[in-house]
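Please find the structures below.
In what follows, chain A forms one complex with chain B and a second complex with chain C.
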Partner chain A sequence: MTHQPHNTQPGQDRHTLPFPVSPAIPAVAGGFLVAAVFLLSRGSADGMRRFWLAYVQAFAFVLSLSLGALFFVLIQHLTRAGWSVVVRRPAEILAANFGVLIVAFLPIAGTVAGGSGLLYRWARPLHVTQEAHARGSPLLPAARAAEPTEPPRAGGSAAQADGHDHDAHGGLDELTLKKRPWLNGPFFLARWAAYLAIWAVCGWFLLARSTEQDASGDPRLTLRLQYPSGAMTLLFGLTVTFAAFDLLMSLDAHWFSTIFGVYYFAGSVVGFLAVLILGLMLLQRLGLLRASVTVEHYHDLGKLLFAFVFFWGYIAFSQYMLIWYGNLPEETAWFARRGASTAEPNAWSAVALVLLLGHFVLPFAGLLSRHAKRSRAMLGGWAAWLLAMHWLDLYWLVMPEAPAAAWPPALAEIGCSAGLIGLFIAGLLRLASGRSLLAARDPRLPESLAFHNP
Partner chain B sequence: MAVRPASMSPSLPDNTGEIPGQRAPLVLGGLDYAGLTDRVCSIPEQPTAPPAWWATLALAAAGLAGFLCLIGYLVSTGIGVWGNNQPVAWAFDITNFVFWIGIGHAGTLISAILFLFRQNWRTSINRFAEAMTIFAVMCAGIFPAIHVGRPWLAYWMAPYPNQMGMWPNFRSPLLWDVFAVSTYALVSLMFWYVGMIPDLATLRDRARTRMRRILYGLFALGWTGSAAHWRRFECAYLLLAGLATPLVLSVHSVVSFDFATSQLPGWHTTIFPPYFVAGAVFGGFAMVLTLVIPARTFFGLQEVITLRHIENMNKVLLATGCIVGYAYGVELFIAWYSGSGFERFAFANRMGGPMAWAYWIMVGCNVVAPQLLWSKFCRTNLWVTLFVAMCVNVGMWFERFVIIVSSLSRDFVPSSWGGFSPTWVDFGMLAGSFGLFFTLFMLFVRYLPIVAMAEIKHVMPAGHAGDAGRAG
Partner chain C sequence: MSVEVSTSRPPAEPVLYGLLAEFDDPAALARAAAAVRQKGYTRWDAHSPFPVHGLDEAMGARRTRLPLIALIAGLCGLIGGLKLAWYTNASDLAFMPSFLRGYPFMISGKPVFSLPANIPVVFETTVLLAALGTVLGMLGLNRLPRLHHPLFASERFARATTDRFFIVIEARDPRFDRRAAAEFLRSLGAAAVEEVAEGPP
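For the complex of A and B:
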């Protein structure tokens, strides 16, 4: 690091963006990109399916960064943390970025409300199934094989073996119909309205009260932030779990895994910590926070990144190993489609192996040493690597549902992700402009500035 | 500064609140280094133990004697003396095993994970909790060993070259358990002991009798308190903390694999590993609170184990209790969502079947009771805390009982359903394991330093001026 390690005079530091950046530029560019990809994908039903899956993956990625940030900020208040004050404001801005995320969710809401079933098969209105049934379409044989008391057998039905939850005529199978009370358009939209509202209110509250303290320096604001953080953390846990079930797990309406919410959460925190580390490095390069954020804070963020890499590996292993060991077809089909099978490897097997090595084994070894966490180049390198791995993890969760092999990433995936990242950055710029990027009058700021690792 | 008996300091300042920016003190009553040493060392240095200690020890030792007799009866007669039978081949034995292993999680969490998180308040309770961990793991280890039926062949579980050409089945999670639990027991013991070395040296240096000097001196390993010793000690402590942290997660994860790798409805679910770990920490903290509240009053340690410590532990209890409640809820939701008739039945049976009473005791004790702790009044009231902790102790035993017995008694085929009713030996051995636990615990509080003096001194104001109790 190029600056003083233990500076205790943040007053000399610059805390606001040095130049006005219009959020409109990335917002318009991002929106234009997504619209262009949408128009280019309109040629075929398969193309549209792929576009929507790519859009969900991109949305899950940017959403996870804000959710990870929300968790981080809540935990800092809940534990009365002192060390993290100098890095908390950028995290608060990330956690409050739900305005653009609500906008980004609207297309998903639209396609679910439209009932085309292009994204979520279960979103088709019931009359499609009833009409298919009335035409005497093969609901019966396929659905019989899906009867849960009788696990689907290989060869019992081609649709079943592919894990598809619909028959040739677009009707829903019996297993999916059993989940209809949960998996239906109106209830999905109502739930998402609640999730987004809860996250937006929490994120706004944390940022607004904290910014208020910049002006007043009132220590009671710290307590006002601390008191509701327990209940907010509880709400956070519940909403993130069901959001992960709804957004990602229900893409294959047959599959289920109780740990799936924790899996998405673990990856989200990895992604957020990577963004925070890279963001702080970028801000310092722009001349901000130079005297406040020191190698000690990077070291601690590196420790958290290491811990959550380990936690993600633990959760991913638990989910995979238990399903592999139990070997029940209704659970293994999901992993088999993602190539996590030695018996029948497919195009996704390489991606699964890259995740095993790149999202767990290598960063675990790479971030283990104290030296690595205290070196700007090494920590920044691992953060960038893990951010890419987190993106790939979501890609591997979502894109195997596409009709044709969606690997390597093509126009749809790259366009959607780039577009939504642009929108996300626009939201960050809007929140950051004119605002101090340091919680300059937080009563625990001196503790954070003086902090050093033993 | 003279040592004041606890009765002379009835009202201590309230350190549960905190003005942001000023850390609350972790040691109250104006204790300085010497005062702290006197206060803690006076417990093992009392020439005669108080009558209450003898009475508790006698009761616990009677329980232990009964436990040993019952083990003898079991081994000589066979495990038919228990209520276990097909299909409920695991019942009280494995419930007790998982219960005690769970209790044994708080110690290492406090000493390893809270150490890495720089939670300085842990220093007042870590010695206590680590000791509890080791005794709980000892209680736990007995049950799987005796439930195999021929415990004299238990060494077959170890992979050693032998003329029978027989190897343990490495694919079985039950064998992973052998390794996970024994590793955990060894590392916890090492952690406890290494952390205690400076304090043992203190007791050695203060010893008035030759016998005490020799015994404490033997285990103090020639500790002199030199800078070189401290440097190595702190390095070893940090490394052990790093090594023990994954162990906190791994032990109960592997225990959960015993269930979750099967296909039995109610057992086979992917959230089991983190859910079991959270439940273990939950149960462990409840037991620490159950023991620490009477102990601090009895030994006059209110200035060292303050209300702030109790409140912090209550917060951990509330957080882990919420995680456990979350796991119950997600299991229930996914059982419905899976659409599988067997999964749906397993949970309907738990909630409304013949053992519904056990399920609702579990929910009441583990999910409902800890909600009291949202209130600061309850978190800082010792009676409410003890009530909640006792609820959790009961609830966590019932959790394992519900998981094991309800799923085994109702599997896929109704013709293979069965029931379970415990015998007097089942109850006797459950009670007897508490006898073993409390016997060891009473010996610990009488002869060893029950508070980590050296570690507390690190977080006292005189150690780092103006830096008292950081991250308390």
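For the complex of A and C:
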């Protein structure tokens, strides 16, 4: 096309961080914060339970940002996208941030290996259950607090306050025992080792080959990135689904929903796109990528954000409606505990309503118009709002499993999230420092610079 | 002189539709479009075999109202879908003849008008009406379908879909003057300027 693009050339643009930033500061601060919250929560079993749930929620949050980024980068290569080259490097850095995520997973691995069952009830060793049997306790089946059709619980109020998939004697109920072939410590740890290894290798590959092109300018690297992206996308889909089952769904080992992995994925992409939009705005404020990233690229990221807001709503409703229609107690209990019921609302009902409106209805209407997606203030505002909603969504998934009402967020949740976000930022800084934040010699860069929405 | 001759025989002189100017490349087209706009013409158009970046801005083309039509049609589908679900399942309108009354189906103990159950229906009607509204709105805004256009009479214009770029100033433009407009288009670097007649009524 002979028409000159609106952009100036990338040569005039700064695209490395202008000052050396030490990743040690947020890493140490984040680690210290999590450790402090852990020590403060040690007082009681309930406190520890809440700490571990808060930790899993925070981990699921930071993990989702990298997973969303991995998906985004893979799709760009898979579709040979030209428009996105100027925004791809920050996404690649997010997608390669699995080093700190592996570190952040270690405490979860530790508590599963330790067999305390504080976080995952199913992680208790089998002999605890067998001993309970031997004592002749009225163990099986365990009743669930949320199910009025079940007979009164044998364990009484202690068990009710404590959880729903084990009894007062610490054993596992029959349903959970049936799932032991999948939900057991060693297999869980082996699976997570595989998930994290796959993600880390994919993320590293995408960033390393792309950075290599900065130096060599070799267009064959673009093809080398493209060829495996199909297989990597398949692996991504499988690992994310099972990781969501393991990390979040198994917190309530009774409940099952085959769409749950897609639900986590949809929210992850919303969270990632929000971070990418806000991150690009921050980088431009710091004087980077000013001429490269234009309103046209924000417009397209806004379209994706809008699409995934709707996708999240679509998936959330699909999950809800089937369970609502079927009306089977073992499925509805999960929603009932989360207040998604007009018949018996609870403390979580307000959160569920906020999610319905704030994670779907309002941003859908707000991002619908072209004007909103092209306005920096409006797009940035919705991105920040949706990032908060994504955090709240995970909170609503995880924290109702806590023994006492874990609303509003308190020390455990705020501390864990802030700490892991600090660690996550440290990883990003380590990957970003000294690296070009623009894929400056990508063969499709001119197409991206000239990109123009019709 | 020739004008006088032709006015003496009105049926022989066809009504002028406009002036067609041919350009060799998209950059010339965009420059010419900006100049035509600046000159104050309002009833004119540009034709190109492919979308030309910046041409809309050069022409000063307003953004289409199509999104608004799609939104209104979609909202009609939303409200209509809700009404349909309510009417067929939950209404009891005594004044309607019996074969047009709703029938309260009891399904797994849910209320007869139950929002979660109706959302798939409402979603589909919203999408359906938004899509129909968009397609029909697009046709309407483009005055389509239209079986003939005066420009089709020009042999030169056939290349508008392959490798030539055109600007047409219509005769009904208030500023239109046959000779001045032709002069003006030539001054913009048009490779050829042609008078196009209005087709038979």
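To be clear about the criterion, the second predicted complex is superposed on the first by the 424 of 454 C-alpha atoms of A that agree within 3 Å, B and C clash if a C-alpha of one lies under 4 Å from a C-alpha of the other, contacts with A are read in each partner's own complex, and residues count from 1 in each chain.
To be clear about the criterion, contacts are C-beta pairs under 8 Å (C-beta built on N, C-alpha and C of every residue); 3 or more make two chains touch, one makes a residue touch a chain.
Treat the numbers as computed from the prediction; the structure is a model and nothing was measured.
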item	value
Touched partner set for A:Lys179, first chain B, second chain C, both or neither	first
Partner chain(s) touched by A:Arg224 [first = chain B, second = chain C, both, neither]	neither
Partner chain(s) touched by A:Tyr325 [first = chain B, second = chain C, both, neither]	both
Partner chain(s) touched by A:Arg191 [first = chain B, second = chain C, both, neither]	neither
Chain B versus chain C as contact partner of A:Ser369, first or second or both or neither	second
First (chain B), second (chain C), both or neither touched by A:Arg209	neither
Intersection of the chain A residues that touch chain B with those that touch chain C	321, 325-326
Interfacial residue positions of chain B with respect to chain A in the complex	18-23, 116, 118, 246, 249, 253, 257, 260-263, 268-274, 318, 322-323, 326-327, 330-331, 334, 337-342, 374, 470-471
Chain C-facing residues of chain A, complex	1-3, 5, 317, 320-321, 324-327, 368-370, 450, 452, 454
Partner chain A, residues of chain C touching it in the complex	25-27, 30, 51-54, 63, 67, 71, 108-110, 116-117, 119-120
For the chain A and chain B complex, residues of the former touching the latter	79-83, 148-149, 175, 178-179, 182, 219, 222-223, 230-231, 234, 237-238, 241, 245, 254, 256-262, 303, 310, 314-315, 318-319, 321-323, 325-326, 328, 330, 442-444, 446-447
